[in-house]
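Every chain is named by a letter (A, B, C and D) in the order it is written, and numbering of its residues begins at 1.
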Amino acid sequence: MSETRPLRVAMIGYGFMGAAHSVGWRQAPRVFELPAAVEMAVVTGRNAEAVADAAAHWGWQESATDWRAVIARDDIDIVDIVTPGDSHAEIAIAALEAGKHVLCEKPLANTVAEAEAMADAASRAAAHGVRSMVGFTYRRVPAVTFLRDLIAQGAVGRIAQVRAAYRQDWLVDPEMPLAWRLQKEHAGSGALGDIGAHIIDMTQFVTGLDVTAVSGVLDTIVRERPLQGSGSGLSGTAAEGYGEVTVDDVAIFTGRLSTGALVSFEATRFATGRKNALTLEVSGDKGALRFELEDLNTLWFYDRTAPAETQGFTRILVTEAQHPYVAAWWPAGHMLGYEHGFSHQVVDLITAIAEGTDPHPSFAEGLSVQRVLDAVEQSSERGSAWVPVGASVPASR
Amino acid sequence: MSETRPLRVAMIGYGFMGAAHSVGWRQAPRVFELPAAVEMAVVTGRNAEAVADAAAHWGWQESATDWRAVIARDDIDIVDIVTPGDSHAEIAIAALEAGKHVLCEKPLANTVAEAEAMADAASRAAAHGVRSMVGFTYRRVPAVTFLRDLIAQGAVGRIAQVRAAYRQDWLVDPEMPLAWRLQKEHAGSGALGDIGAHIIDMTQFVTGLDVTAVSGVLDTIVRERPLQGSGSGLSGTAAEGYGEVTVDDVAIFTGRLSTGALVSFEATRFATGRKNALTLEVSGDKGALRFELEDLNTLWFYDRTAPAETQGFTRILVTEAQHPYVAAWWPAGHMLGYEHGFSHQVVDLITAIAEGTDPHPSFAEGLSVQRVLDAVEQSSERGSAWVPVGASVPASR
Amino acid sequence: MSETRPLRVAMIGYGFMGAAHSVGWRQAPRVFELPAAVEMAVVTGRNAEAVADAAAHWGWQESATDWRAVIARDDIDIVDIVTPGDSHAEIAIAALEAGKHVLCEKPLANTVAEAEAMADAASRAAAHGVRSMVGFTYRRVPAVTFLRDLIAQGAVGRIAQVRAAYRQDWLVDPEMPLAWRLQKEHAGSGALGDIGAHIIDMTQFVTGLDVTAVSGVLDTIVRERPLQGSGSGLSGTAAEGYGEVTVDDVAIFTGRLSTGALVSFEATRFATGRKNALTLEVSGDKGALRFELEDLNTLWFYDRTAPAETQGFTRILVTEAQHPYVAAWWPAGHMLGYEHGFSHQVVDLITAIAEGTDPHPSFAEGLSVQRVLDAVEQSSERGSAWVPVGASVPASR
Amino acid sequence: MSETRPLRVAMIGYGFMGAAHSVGWRQAPRVFELPAAVEMAVVTGRNAEAVADAAAHWGWQESATDWRAVIARDDIDIVDIVTPGDSHAEIAIAALEAGKHVLCEKPLANTVAEAEAMADAASRAAAHGVRSMVGFTYRRVPAVTFLRDLIAQGAVGRIAQVRAAYRQDWLVDPEMPLAWRLQKEHAGSGALGDIGAHIIDMTQFVTGLDVTAVSGVLDTIVRERPLQGSGSGLSGTAAEGYGEVTVDDVAIFTGRLSTGALVSFEATRFATGRKNALTLEVSGDKGALRFELEDLNTLWFYDRTAPAETQGFTRILVTEAQHPYVAAWWPAGHMLGYEHGFSHQVVDLITAIAEGTDPHPSFAEGLSVQRVLDAVEQSSERGSAWVPVGASVPASR
């Protein structure tokens, strides 16, 4: 991969994540000094008209309907996958085998088997300098990256425990229709796979430790919902009759890290009033760190090595030039938002490609999250018995 | 029991809880209009000199060393038990059989068997107009009482889930000596029984629902600590050598309420920077309520029936005259603190005695907490398998 | 004054402040180890029946109606004045001349002339070992005392500016009746004298600096209110007709400290939703400190000397044994409330008497607050022109 | 103006504001459905090489050095002025006279006279369908727009008072060099004009009321600073010697609204630990609203018409689809940041041009802010005497 010509990107899919990824591809080269130029070459989807509209609106040069043909093109360097999880494996493996760098939205796949095949393909491709990355963008919220850095520097000391939750409330209304996301055959999983995956990855990322075993329970609070009529997604209108919800609404589980420390996890779509309440607190013998996604420019740090009488949680505004990713944006105190992580993801992927290194999170890390999700489901089916997570993978963390 | 002469109280024990109860007995009659006068008659302890000092300092009329003799006195109406948990059963049953009203500090006992005997004794005594009450004073923080009232009025609708935690950090330092509280033979339990009991009781109290089954894990993070030298309590100095910690440092468990709703519980002494962080959030289809003990004059209420665009968590300062217990204290915006709950406990106990009703929490409710604690221990020993809580008791909730 | 017999207190007045002072006198000797015993001897008021009730309820040994006779008694050592401000001077001067130690509720007086006479009397009495103290109890909220200590230790460096406000909302309703507090002939002043006095004293106390000049404006937002019918105080019912509000509802003023630094002050009873929102922030070249009375166990400290990347406001829970006054109360994380300051006031007064030192705030300090209040009124009358505060007094700060 | 060809923009200037405006021009057409296409045609600056770099980096089609020539071009429809304030009048008037729509960064000008000339030019141009707008982008933070809407709907009732502050700390360090922003001949004003202008505009915008008179004081806390050596802007290194700071560091002033209500204003660069702390609270007889820029997705609303016992400040997350501007972005709970206001500004300007209406804030509104700034300076020079603001202008508010 040379810097002499731009890196050209093909995005497969164009839903909500397509919009977010497009912002990343559009903004990153204009805000950061990237080591290579980037071009938004082509966006791919099944509906020719709709994808053409998306291309025009989001600024992609072309649209296409056959992702296989797109992957085969010589002028494409990077394949960005934002389709639903059940198609990730097929597309990603094909792209990697075609020698394209791959950015794959989370979760890596809908099953462990698919994820394993993807990790294998990524490993083989890496031997030829082809890079792959999973889209756990919350790693790249500056406060989260900084939290990880502080832990790596020893700021919390030996980790005693972690408390992680991701709470939303969009299923509280029992009359919300039975969208595809609530049907296992389409979505694979409910709160666990969608938002639980984030807190598992974030925990492993910031601590640098694997979740090695879990015990937990999945539950479906509203088991029947109105069938969905016209419209799509979560905003569809109701049709007549009711159907069964076949995924979990809530997942409560406990994990054990490789050091033996416990982690309490909760992922729910029934936390009334909580819109996007990812919270993470890491406690150690030297200090503690706390992050809340609904206040994403802030990091709370408790330093047990400070003088006793002035110890407390310090509210750090992670908007200073010395904080990760921040210098390219605005002066201190000027807030970043949700989509900035997608720019940071582009920065790190392009940098890795240009420098010939492997970016994180690797597919192996995505697989490790998938294995934890799978172990939680097994535990729930087995009366919350502890289930080992399975073979650990070498992490690029 | 007549109102023609004061109700005279004997307090058995005089540790930290003795100080707090003394404040309650001293303040309640001076701040509230009680239906009967109260006299702090006698405080009892094994060390004659120390208990005499306590009596003089805290304002008890006399001190004594033989609690049996004190219970036998005709001029004593109420026995207030603040000794360690392993002596609760013997004292409380004796007092009830002697026809004395009993206030017993939580946890009700160290074992389910003891608690059952106590509940039986309380039930028999109640038939003769003798009242009994367990000292879960956090029920009487005005914000908690008000939270319960709001739920009873339907403010959260059908409860979907509860999230409860009690987090402290006083064991984070691995060089903290091996106090008696860390030895099972003396303390019975660790974080689970000490602070976990509070969040179990509070959950059952505010929801009006029983925890019917649990799955959980106990853990001891620092398994060996320096032997304790001179001094007492948690502030003792270290002697030479190390001993084994035989109680839990952290308890993470999930409960199922009688309606099927899940509750996530966490009790820990290793949450670095958290001093007394009891937090409770109840989510339902009409709203949510949140309480934090470190901000105890505040209640957060999310009303899903409000106009959509102005929905949010409302920070209610529970210091208005119309809020529970508050009118007797100060004007709006003047904060109450930790010990006020002990005055409210006295108010409710004296009122129940004067009015001939049974106060809450009853010994039966104390027993139900004990059964949950016991089920958690069993679950932890059985690999986090779900354990039913056992026979439910008629609650005075 | 000897420690061989108890110090006996006479309290003159028995309104809201009487209740609060009674808690202080009752609690302090039971919680702290005082250097002298204290007895609540007599409470005095004009209505014999009402004051007798107050005595019985609050635990004073006797009641009386003639304060002059009480002051003349040999068995009285301390006179505690909680009457309205217009009687402070007469009572305090008489008590001091009778050789009694005096605790006088704030504001020291209704006029500068009265306050000067009182400060003179206090000065003369001090020469004979008679102590005097003004009841600015917020100085003795542990977080405020600690804030002062941190400034004294250099934690904020050279003070650049101060931002102080005291905001309440009990006059927002235009139909609230015309209570005596809203009539100048009775109350002397409105928001300025009542709550503005607190933030002036707190600013001078924590910075150790005098306010030397002010510019400001007073305003009355609702100028006519329903005449008050039966009932008393703020809760009275309305009679027919309307009367004029003759005190200020809001006072906004700027002060200059002796170092030249500016202070922005705001005192208002029209801050909708704010119940008791005293806030103070001191900014200096080494750091900043912030206090909020509605969260009174907390102090926020920004340390500019910390590493740049982890700077932020630290939320210090001022409930540790090493914090001022706290060790006598409860373990860490157990909250104190509004009335604890009244106990601390007793501790410091009794200690000063026993040790033969002058307690703070002195009458001279109370006078200095009065002079600032007076200068603000003058400035408001003179179109917000800057008015010097007048002769500074030697502060015991 | 027709929708048949894109609206082509010329941006004059390319500093910090140039970066922010570029984001707005780039993002708005990709996120919102604009009624007309937009092209980033040309960016103009004095240094040919630097402005060419800026054009390439930010995505402008061309760069140029002669703004007069650019304004004269037929293919330019909109002129966006982001130069320092002393050049605004000349450029804006020329552009308006050339029939170009003008977006001018705040403050409108450095003097009232300039601002008057600009408002006149805008008024003349408007008669020919040429639009003009001042860049007070904080009006377009969704929470601020929503706050204004709520007030317009009567949510706070009659406004009793306003409390507004803008506090930063980047001058706390006395060794920070004497940048051009600290010299009156270049910057015109200090904290007052830079950040004070924002809170004046926001107050007038959200209340719909004019500030009619002011009393205030300006102060310079550090009067001498090291001369600036190499480098530019605030990050320059120090040269030898010291120079005088000739603008204000802090401005504290009180305003009176047209209804008579008072507003307390504070603008400072010496609030240690405060990075970008714009706060605004509007209190009325029906409720109150509070906004904080460092938590910009949140609005606090106190509703006095709610049941008394559950009144409190409600924390509204302004990220729902029904909130202003939000639907085009992300799902509920996904945060927006600083630069989103610049996209919203583009949306509103383009919509106004396409629909043939006048956007806000008009130049007349910008002039009214300038007049308030001028009156504050006069008041400060005249010992804080009250100064009327001068002729009010018809606002498009």
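As a working rule, a residue touches a chain if its C-beta (ideal position, glycine included) is under 8 Å from a C-beta of that chain, and two chains touch if they have at least 3 such contacts.
Just so it is clear, the model here is predicted, and its values are computed rather than measured.
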Which of B-C and C-D has more C-beta pairs touching across its chains: C-D
Most widely separated chain from chain D, with each centre as the mean of CA atoms: B
Where chain A and chain C are represented by their mean Cα positions, the distance between them in whole Å: 55
Centroid distance [mean C-alpha coordinates] between chain D and chain C, Å: 42
Interchain centroid distance [CA atoms averaged], chain B/chain C, Å: 36
Multi-partner residues of chain A (each touching 2 or more other chains): 274, 311-313, 317
Of chain A, residues touching chain D in the complex: 16, 20, 22-23, 26-27, 30-31, 57-59, 168, 170, 274-277, 293-297, 317, 319, 330-340
Chain C contact footprint on chain D (complex, rising order): 156, 160-161, 163, 165, 169, 172-174, 215-217, 219, 221, 250, 252, 254, 261-262, 264, 266, 268, 270-274, 281, 283-285, 287-288, 302, 304, 311-313, 383-386
Contact footprint of chain A on chain C as seen in their complex: 146, 150, 301, 303, 308-317, 320, 322-323
